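Quick heads-up: structures coming right below.
The same chain A turns up in both complexes below, where it pairs with chain B and then with chain C.
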Partner chain A sequence: MTVSSDALARPRAPVGERGFKYLLIAPSVFLLLAIGIFPLLYMLVVSFVGIDMMAEDWSFKGLANYKAAFADARLWQALGHTLIITAVALPLELLLGLAMAQLFLEKFPGRQIFVALLVLPTVVSPIVAGATWSLMFDNRYGPINQILGWIFGKEMPLLWTVDPTLVYPAIIVAEVWQWTPFMFLLLLAALSNVDKSQLEAASIDGAGYWMTFRKIVLPAIWPVMAIALLIRALDLFRIFDIIWALTKGGPGTMTETISVFTYVKGFTQFEISYAAAVALIIIVLLTVAVTWMLKKIEIAR
Partner chain B sequence: MADLKLTQLHKHYGAVHAVRGVDLEIPAGEFTVLVGSSGCGKSTLLRTIAGLEQADQGSIEIAGQVVNDMPPRDRDIAMVFQNYALYPYMKVYDNIAFGLRVRKMPEADIAQKVKSAADMLAIGHLLDRYPRQMSGGQLQRVAIGRAIVRNARLYLFDEPLSNLDAQLRDEMRSEIKRLHQELGKTFIYVTHDQIEAMTLADRIVLLREGQIEQAGAPLDMFERPATQYVAGFLGSPPMNFVPARLVAQGGGYAVRLEDGAELALPPARVAKLAARADQPVTLGLRPEHMSRAEAALRPGLARYSSRVDLVQPTGSRTYATFKLGGVEAIAELDAHDVQRANERIELALDMNRAVLIEPSTHRVL
Partner chain C sequence: MSKGTLFWRYVAAIAITVFFLFPIYWLFIISFKTPDEIFSFPPKWYPGQIHFGNYAVLFKDGDAVTVWNSLVVAGVSTVLAMILGTLCAYSIARFRTGGENLANWIISQRMVPPIAIVFPVFLMYVKLGLVDTYIGIILLYTAFNLPYVIWMMRGYIQDVPKALEESALVDGCTRWQVIWKVVFPMCRAGLLATAIFTFIFAWNEFLFALVLTRTEVTTYTVQVTHYFGGQSNFWAKISAMSVLGTLPVFIAVAFMQKYLVRGISLGAVKG
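And then the complex of A and B:
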């Protein structure tokens, strides 16, 4: 083997090394482009043309789809429904999760088993959870109506998935059931990390439960709580499975959320270009909202 | 009236019986130090007094009132924790003010109290900082400040200096003693460090396995320990213990070591020992009660000749390790008394200060 003494003396050419570096990350960059950036760009293009079930019209239509979307009352109603569900379910999940976490902070026999059992709903696939709740809410054979019947001593033929006054409670119950454990788990971890001697110092200083919670516990768990809230808010914003399983957006379009609306537009009515425009509007709205929230909770830095 | 009175106090931690029947009275204004090796129950005892732990048995009285079932905040106590336990999301000012705000004191009074506490502890320039921006010594000053603004009846300190480095510890120790003199309040202080106990306390309470081994003024305990444990715990380097036998010698008594050397005991001690002639005893001798022997010895000193195994100069004094009656012992000598290992040395042992211990009960005779 002949190696020039020159090559041995100094390190390998830095250019080659740098090239190798890029070679190593190339597959992941390619994947990212293929499944992230490309569909997004393709969607952007599609949103400016006129593809629907009737015609694959690739001619440039300008902002026609966007104009239609902004004028579409059904879209804004769907956004409203999404916000209502988020605004009700999120605080419920937070409060229930926090209360449960407080309860499980104490050591008691069987604690770990109970924690594991309580977390189970989160492990179930949302569409399965939706299907299960759909059976639970069934007006004739569902256990919910049966139990209500026992309590009130008469038949309770409530139409949970159809009655306009009951569909939202039904959706929110299912959603809260499935995702409260997520809050519970994160908050339990955060609460158990609160320095115990600080709580003792506060109790000697004379602080009661609420004072201690507000001034010492809450600031300590806030970073975790904020992230949990953000994750759940985003999840709730794209809620689909449970609604699809329970009401399919009905009665009428009463429980149609953004995700359901876009799905219906894109995959049952095949207004592809219109759905693409709607999806892009949502992406922009969400990006703005998330950036604002991150700034608000001072984690983005 | 006693500020604190404990009667037959017991505390279990699961299977561990941490405090076993402690009786203790602490008069108002006294600085009491609870001392003992780790696991002796001293911290548990303090936490039970504070109300952070529930007593299983016995009573705790603060200012004549039984407080067993009272939550910590109603017990009129303030406490300084080992790890400072400052509130990390509050500035120093708010940390110190917290206990006063909870008690609904007017803000103007709070400002004045915080300022005077901060001045006393020289932390006035730190009031705008957060705990994470400060060093250990500063944190402990703030923690002490948070306790002293409270104007409580009892001030509890749970090993407050053990997280600090040596120099800072000395500094804070004298600061705490000065604080006690200025405030004139009742301090109860837990430590495992016998030097802290000796230097700070009006009264030392030495705990062992959840019971009080001996309580008393520091010098009394140092000079007249009740048991071998107390004798060995107080003092550094610790007292040397040598197995021996009490023998009659001339008109008086002496202790005979296992190597045959006989050390005469001063006549003043003879009366108490008459009944024990020819019985085994443990001889206890502090390192500082040995010196290099002169040609003529003062009465009460006994001569002992040995070879030095190890020499440790500290600057002002020199520790010499040697065999005393077959066991390793340390003598604290003048700096230049011994030069190097393997030197033969004539020691004068001060038998006036020696302690004789009954080997089976470990009680001092």
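And then the complex of A and C:
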């Protein structure tokens, strides 16, 4: 912990400077501990007792809440819904984003304006995006069914946010609409940084499009692509707003994700201790998943 | 590019842009329609005339105050997160305080799902009486955005040449003066970009606000959902309130084009 080992420190630095670097981080670390760690420990305690709407029972219940959670089919279904949405939306966003990035890679007049406009869905609040799509999907006064009506030449009164076969497509469309521009922007930046001379060399050597893409472009854009995928995977895993706006987890519990499930348990049914156990299970699952993903990314590099 | 490819490129570019902008267009025009126009069948794609009544209702009923709440909450938490986070980032960037472990721990704080953060915080706030207070929600937003600020500012500060700081120190500046007079001015653009993104995250946030606010500090995102499930003029309110909340973000982003990619990619893409 000697200051002298640091690049900037010099022998005549005042003694006060030794503590300086800790002084600078202290408020941030304190706040992160206060909001991040302390409540987590409190929640851990709560998850071992029996607090719900009926009673504030602080007696030790052992693993009862965890056992109940593991036996709760609704929780595992919620996890399944979350994974399905992630598994469908993430590749769609990636492929669409990549295709769009290819389209806008070469400079052409007006390109900057297109790119600037395409950013907009990503910066809209997700709850507003969800509200917007619920207006779009309205069975009678929304434009989607109207457009489908023109295509099929008859009225299409589809109940997008209620019909069990249509709710997932509706959620995926809204989600992909909002986040494909995010992928697009990151991949466009990554593609722009690919070494042009390598591409030329490849084309002189007669390499085809796919060969060039696999051998040169993909390795070059992979670091950015991996981070984009990681950011989006984490966001999709916590998906709440768009579903809250479109279906609130319905019909029934058909589109309930784990964030929605935990919210409903904790804040509308007030099964506090149970929700605490669920939240901790989510954190553990996520930590395992993230560690695994980071390993994958590192290996692929 | 040949004329033919260029033509098809424009066709594709315009088609894609229409797809991505149409929902936003739809949201905006509903807010300018009269209730009769909103519920006319088949739906009309443009209002007969621009009608500001839906906005007038929001201001008359006092609902528009939620935009002010969002401004206060997002503004104050952004200032706090920027001050605390930039100092922390300086320490990490220049002195490698805490090594890679601290930096990794900080960024991992951003990966925790909000529902798992807000639940214990809610339990704690109930005990402390911080539910539905400015202080409560501001503290949470500050803490939630700190990792982002630290991570981004660490990158921007690392871009500042060390030699500049060293010569300032030799000239007799104190550390605080170096930070204030050399580092901050050198990464002014980075500071501004990071602040704007931090502001947008807090401004657009929904789940924390839904859980931790009731009536006193309701933000605009929560207010939008108060209109869900209703009929008649509720659509008008949803769209008008959404536009009030969305317009400032669009304006901010228009000024941020250059730093947008670095900002949203958590610094993974520079330039």
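One rule holds in what follows: the second predicted complex is superposed on the first by the 274 of 301 C-alpha atoms of A that agree within 3 Å, B and C clash if a C-alpha of one lies under 4 Å from a C-alpha of the other, contacts with A are read in each partner's own complex, and residues count from 1 in each chain.
One rule holds for everything that comes next: contacts are C-beta pairs under 8 Å (C-beta built on N, C-alpha and C of every residue); 3 or more make two chains touch, one makes a residue touch a chain.
This structure is a prediction, so every number in the text was calculated from the model and none was measured.
With chain A as the common reference, the superposed partners chain B and chain C fit together side by side.
In the superposed model, A:139 lies in contact with neither chain B nor chain C. By the document's definition of touching, of the two partners only chain C reaches A:263; chain B does not.
Looking at the superposed arrangement, the partner reaching more residues of chain A, out of chain B and chain C, is C.
Of the two partner chains placed by superposition, only chain C is touched by A:20; chain B is not.
Look at A:216: by the touch rule set out above, it reaches chain B but stays clear of chain C.
In the superposition on chain A, A:286 contacts chain C only, with no contact to chain B. Contacts of A:198 after superposition: chain B is touched, whereas chain C is not reached. When the two complexes are overlaid on their common chain A, residue A:102 makes contact with neither chain B nor chain C.
Here chain B and chain C sit at a least CA-CA distance of 10 Å once the structures share a frame through chain A. For chain B in complex with chain A, the touching residues are 50-52, 71-73, 77-79, 81-83, 85-90, 98-99, 102-103, 146, 150.
Residues 195, 197-198, 200-208, 211, 215-216, 219-220 of chain A are the ones that touch chain B when the two sit in their complex. Residue ranges of chain C in contact with chain A, taken from their complex: 1, 6, 9-10, 12-13, 16-17, 19-24, 26-27, 30, 38-43, 45, 84-85, 87-88, 90-92, 94-98, 102, 106, 108-109, 111-117, 119-124, 139-140, 142-144, 146-147, 150, 162, 165-166, 169, 175, 200, 203-207, 211, 221, 224-225, 228, 235, 238-239, 242, 245-246, 249-250, 253-254, 257, 260-261, 264-266, 268-269, 271.
If you check the complex, the residues on chain A that touch chain C are 3, 6-10, 17, 20-22, 24-25, 27-29, 31-32, 34-36, 38-40, 42-43, 46, 100, 103-104, 106, 108, 110-111, 114, 116-129, 131-136, 140-143, 146, 149, 177, 180-182, 185-186, 188-190, 223-224, 227-228, 231, 234, 237-238, 240-241, 244-245, 258-259, 262-263, 266-267, 272, 275-276, 279-280, 282-283, 286, 290.
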